[in-house]
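Pasting the structures here.
Below are two complexes that have chain A in common, paired first with chain B and then with chain C.
== the complex of A and B ==
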């Protein structure tokens, strides 16, 4: 918004453009806006639309795209048990985020949100896994979980039993992945809560104290209600994040044993991209896109806020 | 201190120490593991090494691949940061400074980019990059990363630019400074905090990114470090001491960088979530 225009008489579009040109706005606009828009369109918007289109074809990535198969890719997807498993795994991740990770992050945030040097040190430590690349975290934890080394190795030796390979176990492998995901991201949610808690005005808490509120009452009746928007936002990020887990799974299990630990994205990569089943991969992408959209819109309705997301 | 207060303080200290240990122990075990032999590692994965062997570390540092991966990653990440800051601040400046027909629609269009991760479009994105002949080219990673950072960067930059005092522009305009000149001479220099925030954020994301380089770069000479780790692990399989040393060397710069820039990373994370 510029203050140079003053009152705005009704002008024809041509006259408006001429005026913008006189003020030097037109040149700035034509030089500054297109690069970002072109790049964004070419690499973000266009691929998404193309995914919708390609998902109706069977195509190996080379030659003409003329094998229209209708909804066949989606039908195969709907009937593929590995895809069902990957959806179920995403649900498990979401539940773990909501009921383990966020409560943990919230507790820690309440413990260390005040600005003291010890708290800052803890904050730094808890946030470190978030900065670490997923790949590095996955490799480190695949060592920890290794039956010959690591924790499970130590436990097995202590008990004098056969080494236990948790990542090769159908029952427990995904539990191990959930552990690593919580380890990696709890600090991120904690930071969101800390920022929100620090923004709670001190006089509100003091007023509650004067009214005789105890430690727990202050938490449940003052602090938590006042950071509700941050909790909702964090839940939203947890859900969207759980939908796109990929890098962590590859070094830990690579989707195994017997395809039991795929996420949606690792499924997409394995069955769509790695084998160049372009149409099939595009269909998985479209499903993922719809899930993200549904999450985003429900979040906006639930959080009833504008400008809340980011 | 009263009794319940004392026990609460004790419980607080216990919770914090346990969680801190769960975070730190795997990292320290990784670092120490690089100093052990495979046998020592097997006998004591978490303890101090009986002998501090530095050969594994020096082998990697003196070897042919490590610095190549780091260099490739640095080129890609710095280019993505530079391009994002440049293009996003230019666009954000237009939205903040110039009122024009369609401005709202274009901004809504860009906001679509906040709603989905690039994994959703990875297959057509791969085809697009191939069509442009950018496979095995750093640009094939840099341009999509820039495009996917664009929405987030523009939102943060625009709201910062809008808060700059309007009087400044009026005065400069009267003195004959145009829109473009004002951007370079005033807006950018006044916006270093937000540029640092956005830049750090884009850097971390680009530096840690795995899926996109995995899809775009086939030739191991062009590998970024996450691809390098996976390749190295594939090569040495059960020689965990080598793998842990390699991981330590690659995450160490990131951890140091983070310690110095955490202020900006946290600002990028929490901006807006507080205002919401």
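== the complex of A and C ==
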């Protein structure tokens, strides 16, 4: 894709504009670029700079923003044990997404990617959690985990054992959240894989069969290499998605017990917005933004090859 | 995140749609605890509109959390309501300082003020200026289940100090009954114990001094002692299993279903324990209360009450009708009706007569006789320090931090405020 533009002779900016005018592109540019540029600046660029600026102030959300505190918000952040825990939780979510969610999605996609009516039914079932709103999933699962009236409580009663309150337990509460996150999003990745698998040419698989490839050989030497681009893309979504988990945590644990289950975003919400430390929240937002950007760019560089091509 | 944005957009839409003609009154309220609450507001609005033709009164309702997080933006925009609900305390002080409120001192004559309890008027004032109208008070007491304490052979009326409560809890536990039902997931129910203990040990003056950072602030030995007392209770493991995954409403329901002997909560529990119980009926006549026990050697008067003061703050640029409507909303008739409906304990000086429930009447009487009414600590201290206090209390109980660390955590938040 990039070779075409690369081979063009260099033109001066004025000559370029003149050429665009001849080709009728200039009118289109003047007509369509400003609205997009204005919206993008207003809703993306400006808030980013605004938040970065705000992170050097102490501001409760009321009154003028005039209490400049330098890097105090960042120092607090660096020393706050709950923030460390939130970072670690986000790392755990990333690992779970990469090493549990994606393999699960891939396995299921391989099982049901062929177009049959039973497969369609399964696809629908597996995709259903993704359609549900995050907040609704959180509420539903909080009922499931409820040891008094919920499903887990009923199972415990039926088995005649003491009910177990997983969301009240520091050690296991985050495991419950990981379970829900995997449950919620594996269907999405599965769909990406199914689309990619359906695009694998049948003749290649046939050729492999004629060459005597077994079932596993077909998977590992034909199908997986051919959908590697989809796997890389999926992994990218999984990482960025894991950094942004919020709506599921709030109804499940609200960050508790003892602030042990916050993600970066729920930490931002709790300590920044809910407690009216807007400047502090902005500092968390800046850190999250940098993390996302570093992840995105380094992932493109490392996994997606030159120029971000898949 | 998506649903959060959607909610914000809805509110914005609501407020823009209602942004108003000349002298209409737009009120922003929190979703009432009881269904009658909502209807009550709408009825009062209708009655006012009938009395003052041409004026429209509109109530918008938001749940607690959205209310608190959206208010700052809303108040500083042109879509702000004319008056909004308040828990008073630190957040109110912040709003008054930011200049988003209207000084209504001149609209309230001495005769007007006489209709409200002095502590109510005090709570709505900042730097000697009146910014709002008090409507009701909440007072925390130690509720108990008569049948269960009798079964365990405990006489709750004999619980006079903290040691007595610890002993009673052990005895109840020995009888195979959960001593205290707790909604730990919300944290503030745990902080009620912490705050009450602090008020009993340091006294209201001591709490106020700590708020100002005097005598080492919250590192003052009184607060460490409060944490130690809380830890003594937690060490008995008096709460129901899974209490850290139990929200306050669910806990109230469990108590209403007879799952535990004691419950520390405000007067609202009378309604909440019935409504949230599986039977829908609650404990009925088995529900009674004692005042929070004293702490030996504490500076606080055992007759001091602890709880909330709530009302309405008027925003800058609000029309004349707003104050007029607030006076109407809190007049004797409407206050008495609110008390009769068990929505709240009226703060009007003459509005106790409507309270039919003998328990609520007793709470109201104790409240009016109390030498001091300590505001909920998390409300008094403002959003960030209040949250730190709730966190600290929860973590003392779960054993994650020591009473000293808890006090330091609150003090650190106070210094950052």
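The rule is simple: the second predicted complex is superposed on the first by the 260 of 310 C-alpha atoms of A that agree within 3 Å, B and C clash if a C-alpha of one lies under 4 Å from a C-alpha of the other, contacts with A are read in each partner's own complex, and residues count from 1 in each chain.
In the analysis below, a residue touches a chain if its C-beta (ideal position, glycine included) is under 8 Å from a C-beta of that chain, and two chains touch if they have at least 3 such contacts.
Owing to the predicted nature of the structure, the values given are computational and were not obtained by experimental measurement.
Once chain A of one complex is fitted onto chain A of the other, the partner contacts of A:213 are absent, as it touches neither chain B nor chain C. In the superposition on chain A, contact is made by A:61 with both chain B and chain C. Of the two partner chains placed by the overlay, only chain B lies in contact with A:285; chain C stays clear of it. By the document's definition of touching, of the two partners only chain B reaches A:44; chain C does not. Of the two partner chains, chain C is the only one touched by A:170; chain B is not. Set side by side, chain B and chain C differ in how many residues of chain A they touch, and the one touching more is B. Legend: residue contacts after superposition of the two complexes on their common chain; A:134 is shown touching both chain B and chain C. Contact with chain B, but none with chain C, is seen for A:25 once the two complexes are overlaid on the shared chain.
In the superposition on chain A, A:205 makes contact with neither chain B nor chain C. Once the two complexes are overlaid on the shared chain, A:147 sits against chain C while remaining clear of chain B.
Touching of chain A by both chain B and chain C, each in its own complex, is seen for residues 61, 133-135, 146, 148, 244, 246-247, 265, 273, 278. By the touch criterion stated above, chain B contacts chain A in their complex at residues 8, 12, 15-16, 19-20, 22-24, 26-27, 29-30, 33, 41-42, 45-46, 87-88, 90-91, 93-94, 96-101, 106, 109-110, 112-128, 143-144, 146-148, 150-152, 154-156, 162, 166, 169-170, 173, 178-180, 183, 204, 207-208, 210-211, 215, 225-226, 229-230, 233, 238, 240, 243-244, 247, 250-251, 254-255, 258-259, 262, 265-266, 269-276. For chain C in complex with chain A, the residues that touch the partner chain are 1-4, 65, 68-69, 72-73, 75-76, 91, 94-95, 97-100, 184-185, 187, 241-246, 250, 254, 382-384, 387, 391, 394-395, 398, 400, 416. The residues of chain A lying in touch with chain B in their complex are 1-5, 13, 16, 20, 23-25, 27-29, 31-33, 35-37, 39-40, 42-48, 50-51, 54, 61, 104, 107-108, 111-112, 122, 124-129, 131-136, 139-141, 143-144, 146, 148-151, 153-154, 183, 187-188, 191-192, 194-196, 199, 215, 229-230, 233-234, 240, 243-244, 246-247, 250-251, 265, 268-269, 272-273, 278, 281-282, 285-286, 288-289, 292-293, 296, 303, 305, 307-310. Those residues of chain A whose C-beta lies close enough to touch chain C in the complex are 60-63, 76, 133-135, 145-148, 162-163, 165-170, 244, 246-247, 253-254, 256-259, 265, 270, 273-278.
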